[in-house]
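Mind looking over this structure? Questions follow.
The chains carry the letters A, B, C and D, assigned in the order they are written, with residues numbered from 1 in each.
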């Protein structure tokens, strides 16, 4: 057993243990906290799997924003009634456990039965990389080879925002989501809110810019921007926006709309939907990424803020 | 006369006439959707069957009408048994249409009634023309299901009658679609033509299943024992005109089905014998139960069960022997029954509104119609009896047929007595618009079968044959004697529940309800989250396991 | 056994654990957490697959990596939707637990006209 | 390199149809959200004729060329790129969903309105954007030829469908939506697990490439098992229907129509792709039988439960549970190169299409009935036929198709499936269809019979309060849907030849 494998093994065991605690914890608040630490550990695992892009995304979205969302929900919802229904007991619990073990064993069997020489698209992706003008193959997959998935994914975020909004009450429509912070934020938070956002914007822009060649990209950059925005609101420096605001709507759909527009323009400019003119791929991709980053930041922020409420209140 | 018929039968516009016969009621039915056109609804009842009446003369044995712009092309053709039944059926619809139009009072409620009437008419016309399985099934469904609207049109208590009717009708549809799927699958190229299916039937691997399902499916329509349970309550609940077209017209859809779909020329003994036994039992069972009934319409329904039993027995005998003649004979018998029974229902409608005096004047004519069913000399009934004589043979079945004529006489005379009891000294008598259709049916039931018989068989005046005259007269005399002798006794018979065995079959429904409550409980468990999520995992594990655990 | 296999097996284990939580908990927030654990297990499995596909000078197959990024964003959208719905559910029902279905008909709204 | 890929593409205008079918509704949705207010509805309504024309054009081109329409997104050929593809059934489903989404949408013009003096409201913005979102998602799923793109499409579908359940804002609808969302998400994650394993084993997500490569081995079996289970959860095949009845019954009528007619068909369609296109025959045989067994159970259980309901909309929702069962009867009949397989394939597709039209019409007519009588209790429908003949007629016409009575699309589908089951020796399935038709008739009878019966004390009720008339536009739209279900019974042979394009059975038998 090499040292690196030893590290991987202990990391895996630790990750599983934290995940197990997140599942089995008594209180939902503890469970959510465990889930956030689990996300951080998972990001480490991704680094060990040579997937820095994914690690960044996992840390930013999978752990960070999701964690914030869940913590907020746990604070609002609490543990519920004391005599909470424990829906599965005794034999049912055992049976469920058996099914779950069977599922795990099945997946493990499938994974272990995979051919020794793994089928891969890496050579193809590497071969076509120069024609995209990009250095990062993951970005090439996201924005060129499988651009349709990324386009639809950015649209999924918009769908989710609409969905979240429709869970508001009728009378709250047109209002603002609740501010993520307290009514009177503490001094340190205000300070952070003043200091960190410019830094966040810098980091976010950097992530997008380097995404073309190095790990990073629109989603990671967007998350950082979203985090900065949320922090500003939490610090009480800005109010959450009204969901009817024209600029907000425009900012929300701008990225996907631009992406879609470039895609349709591809019919004329590059002879295919979502193709880029030869030799100008990188420029187009950077413009799309910039717009997407901004819209993603808005969408993630709105998703984290939740449904509008408190119409007419400050 | 014959030459003229021949000339007409090769009429060049035959197929177009078929289209008009179906199209006219269809268009008029659609017209009922418009409030403005709905006002003329009663007139539609009279106009709609005229085209079919024309078609049965003009399009008989002409070329087929093929509409092949559909996934299943529709092929319509009018062969001799089809033309005969179409003729008498459209005549009946015409008469009943006049009756219904004259008795219609409530303008606002008539729209739906007219639409249902016309839909049933489309089905009843089409079923005699359809030469392919798909359109036959379509027309059969049309003649069966919209009739529900006719049955429940009037009586408040009709709910259960309508429900029973539609249940049996749907059961018939289910039997038939299975039978037709088997029939079409057995043809080499999956042809949907009925003739192709029937040709391939004797060699079909599913021959017995197909014929059994056909008998069950069409049996629901002709009220074959024990699928007759719907008939009494349906005819009693339906308005008179509707009962007339259902008992005289719609029922023939079942007859034409059996005629069309049986592999004539190939002996199928088992099913043939079963049909003979069921049919002959119904012939007497119907009379026996009918005698105990109080309501004249119910009695007529039981008479239908009995008469259709004879038709079924004739067809069954033909199936046993592989005798093609049975089909034509049964069709002629059914045609006469349709006219007579339709006329009798109209008569019930006329007489139940009569004063005593008018009743006394009209009853003899109604009696003519009633005894025509038993084969009264000079009536169409003689011809009908003659038509099934050959297929039934001289043996046991022939004797039973004669015996059933005695039984029918008994039932019909008892029926007349029950009708006469309806008379009340009232001022208002039914108008001629109601009486005329009844007389038209009386005339038709006497003349139409005779005319057809001469046209087809080229016989001399058979009914004047002395031997035949006696042969058909004595069962009626015997029947009349018994009726006179047993009059008191008949009056005192206990009234059996309408629908006889059907009345006891309601019990399983209670069981079904209990099963339903269990289903509710099961559903509540199944829709609990852990159970549903567990089921999801089980499905995943099962599908995966099918391959992984395979040795 | 190497790091990649370990990651794959850990992914499988995470899926099983998450499923268990999703089935047995009736607290909706716990179900959402469990759903996220299953999701990350699937992503980890995919990551292991990507790492197995290292070739042509790339450390891993970039296609699954890109798909995982897409997947993480979709999973986050799902979580946000579920949390927003949970908050409204909590407001309406007053309990954070998924109600066991009180029979099909009983809970249905009566559309009576006022 | 990209140039060489591009040069292989013949540049025909019709090639652009498929990407446009995805791009346009997405674009319309984004625009509708951005402009907001009354513009949301205007944009959605304006998009309807465009969407229907695109779907119609796809169907026409596929029918004319008698081969599937394929497009490589961005010019990148699979396995690296993503292909989208429309065969006959996909084209027919595109057209069906375009027509039904349009009809239900126009129906909703009366339901979701911006009141005077209001800028916009929750239900209005929600309905119209989500309608366009569902439209886009369905198009993605139907033309999807890449397992991961289909995953994204299915997620779009779920995200748009769940909020649609609770636009009315009643407590019960949020409970229903919660169950729906959680179960659908479980389904999604299982599907993604399967897609992961497929990629791990074969290095591609393209259905066409995978169909060549896939072998009956552990990874493929477990992948397909997980994907199928996930999809069945989203399709609500019994006993995985936990979420469907309250969700479909609780939503507003136009939303119910879209959910019941279209949304469940999306995931069903992917199950068809998996077992009839992707998996080799020797793999499909046993699971196909299992699917048919589940389908049969769904028919019986769904129908019996529909019979037990006391409320109209719940009854219709349980009818959907039963009718979903019919869809799964096609699987054992349509696999392999048998002469009956193409009949079963067309029959299954026709069943999906005619159920979509009939069920949409039925939910809309239920909406009209509730408008007239003010409630949806089955016990209170006596005499409805006199009060509101149109909704009853629409309900009955739609019911004819559901029962499989001629003439209707339901009958044609039943006939094709029944013939296929007789020829293939699947007797039990033919019987299930026959008995299922009877059960369907039984629960529909519970609406139609009291509606046709004379009212007990109708004058008192109708005289005291002037009952609001069902909107004539709503009635016309739902009547059009019901008539479409009926007219599918007179469908020209061209429909059969369209459905047969790209059917898995090699020997395409012409349907007589």
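Definition applied: a contact is a pair of C-beta atoms (placed from the backbone, for glycine too) under 8 Å apart; a residue touches a chain by one contact, two chains touch by 3 or more.
It should be emphasised that the depicted structure is a prediction, and the values quoted were computed from it without experimental measurement.
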Item checked: Chain centroid nearest the full-protein CA centroid -> D
Item checked: chain B and chain C: spacing of chain centres that average the CA atoms, whole Å -> 62
Check: With chain centres defined as C-alpha means, what is the inter-centre distance between chain C and chain D in Å?
Finding: 25
Notebook entry, point to check: So, what's the distance in Å between the C-alpha centres of chain D and chain A?
Noted result: 31
Checklist line | Between chain A and chain B, centroid-to-centroid distance (C-alpha), Å | finding: 71
Notebook entry, point to check: Residues of chain D that touch two or more other chains: which are they?
Noted result: 80, 148, 152, 155, 159, 162-163, 166, 174, 179, 182, 186, 193, 197, 200, 203, 217-218, 221-222, 225, 242, 305
Item checked: Per-residue multi-chain contacts in chain A, two or more chains -> 87-88, 96, 99-100, 103, 106-107, 109, 111, 114, 118-121, 125, 127, 145-146, 149, 153, 156, 159-160, 163, 167-169
Item checked: Of all residues in chain C, the ones touching two or more other chains -> 15, 19, 22-24, 26, 28, 45, 49, 52-53, 63, 67, 70, 74, 77-78, 81, 85-86, 88, 98, 100-101, 104
Checklist line | Category of the chain touch graph - line, ring, star, complete, other | finding: complete
Item checked: chain D-facing residues of chain C, complex -> 15, 22, 28, 31, 35, 38-39, 42, 45-46, 49, 52-53, 63-64, 67, 70-71, 74, 77-78, 81-82, 85-86, 88-89, 92-93, 98-99, 101, 104-105, 107-113
Next item on the list: Enumerate the contact residues on chain A facing chain C in the complex.
Entry: 4-5, 8-9, 12, 15-16, 19-20, 22-24, 28, 31-32, 35, 38-39, 42, 45-46, 48-51, 53-54, 57-58, 61-62, 65-66, 69-70, 72-74, 76-81, 84-88, 93, 96-97, 99-101, 103-105, 107-108, 111-112, 114, 118-123, 125-127, 137-138, 140-142, 145-146, 149-150, 153, 156-157, 159-160, 163-164, 167-169, 217, 219, 300, 303-304, 306-307
Next item on the list: Show which residues of chain D lie in contact with chain C when the two form their complex.
Entry: 80, 148, 152, 155, 158-159, 162-163, 166, 170-175, 177-179, 181-182, 185-186, 188-189, 192-193, 196-197, 199-200, 203, 242, 245-246, 249-250, 305, 309-311, 313-314, 318, 370, 374-376
Next item on the list: In the complex, go through chain B and note every residue touching chain A.
Entry: 528-530, 534, 537-538, 540-541, 544, 548
Check: If you look only at chain C, which of its residues touch chain B in the complex?
Finding: 19, 22-24, 26, 98, 100-101, 103-104
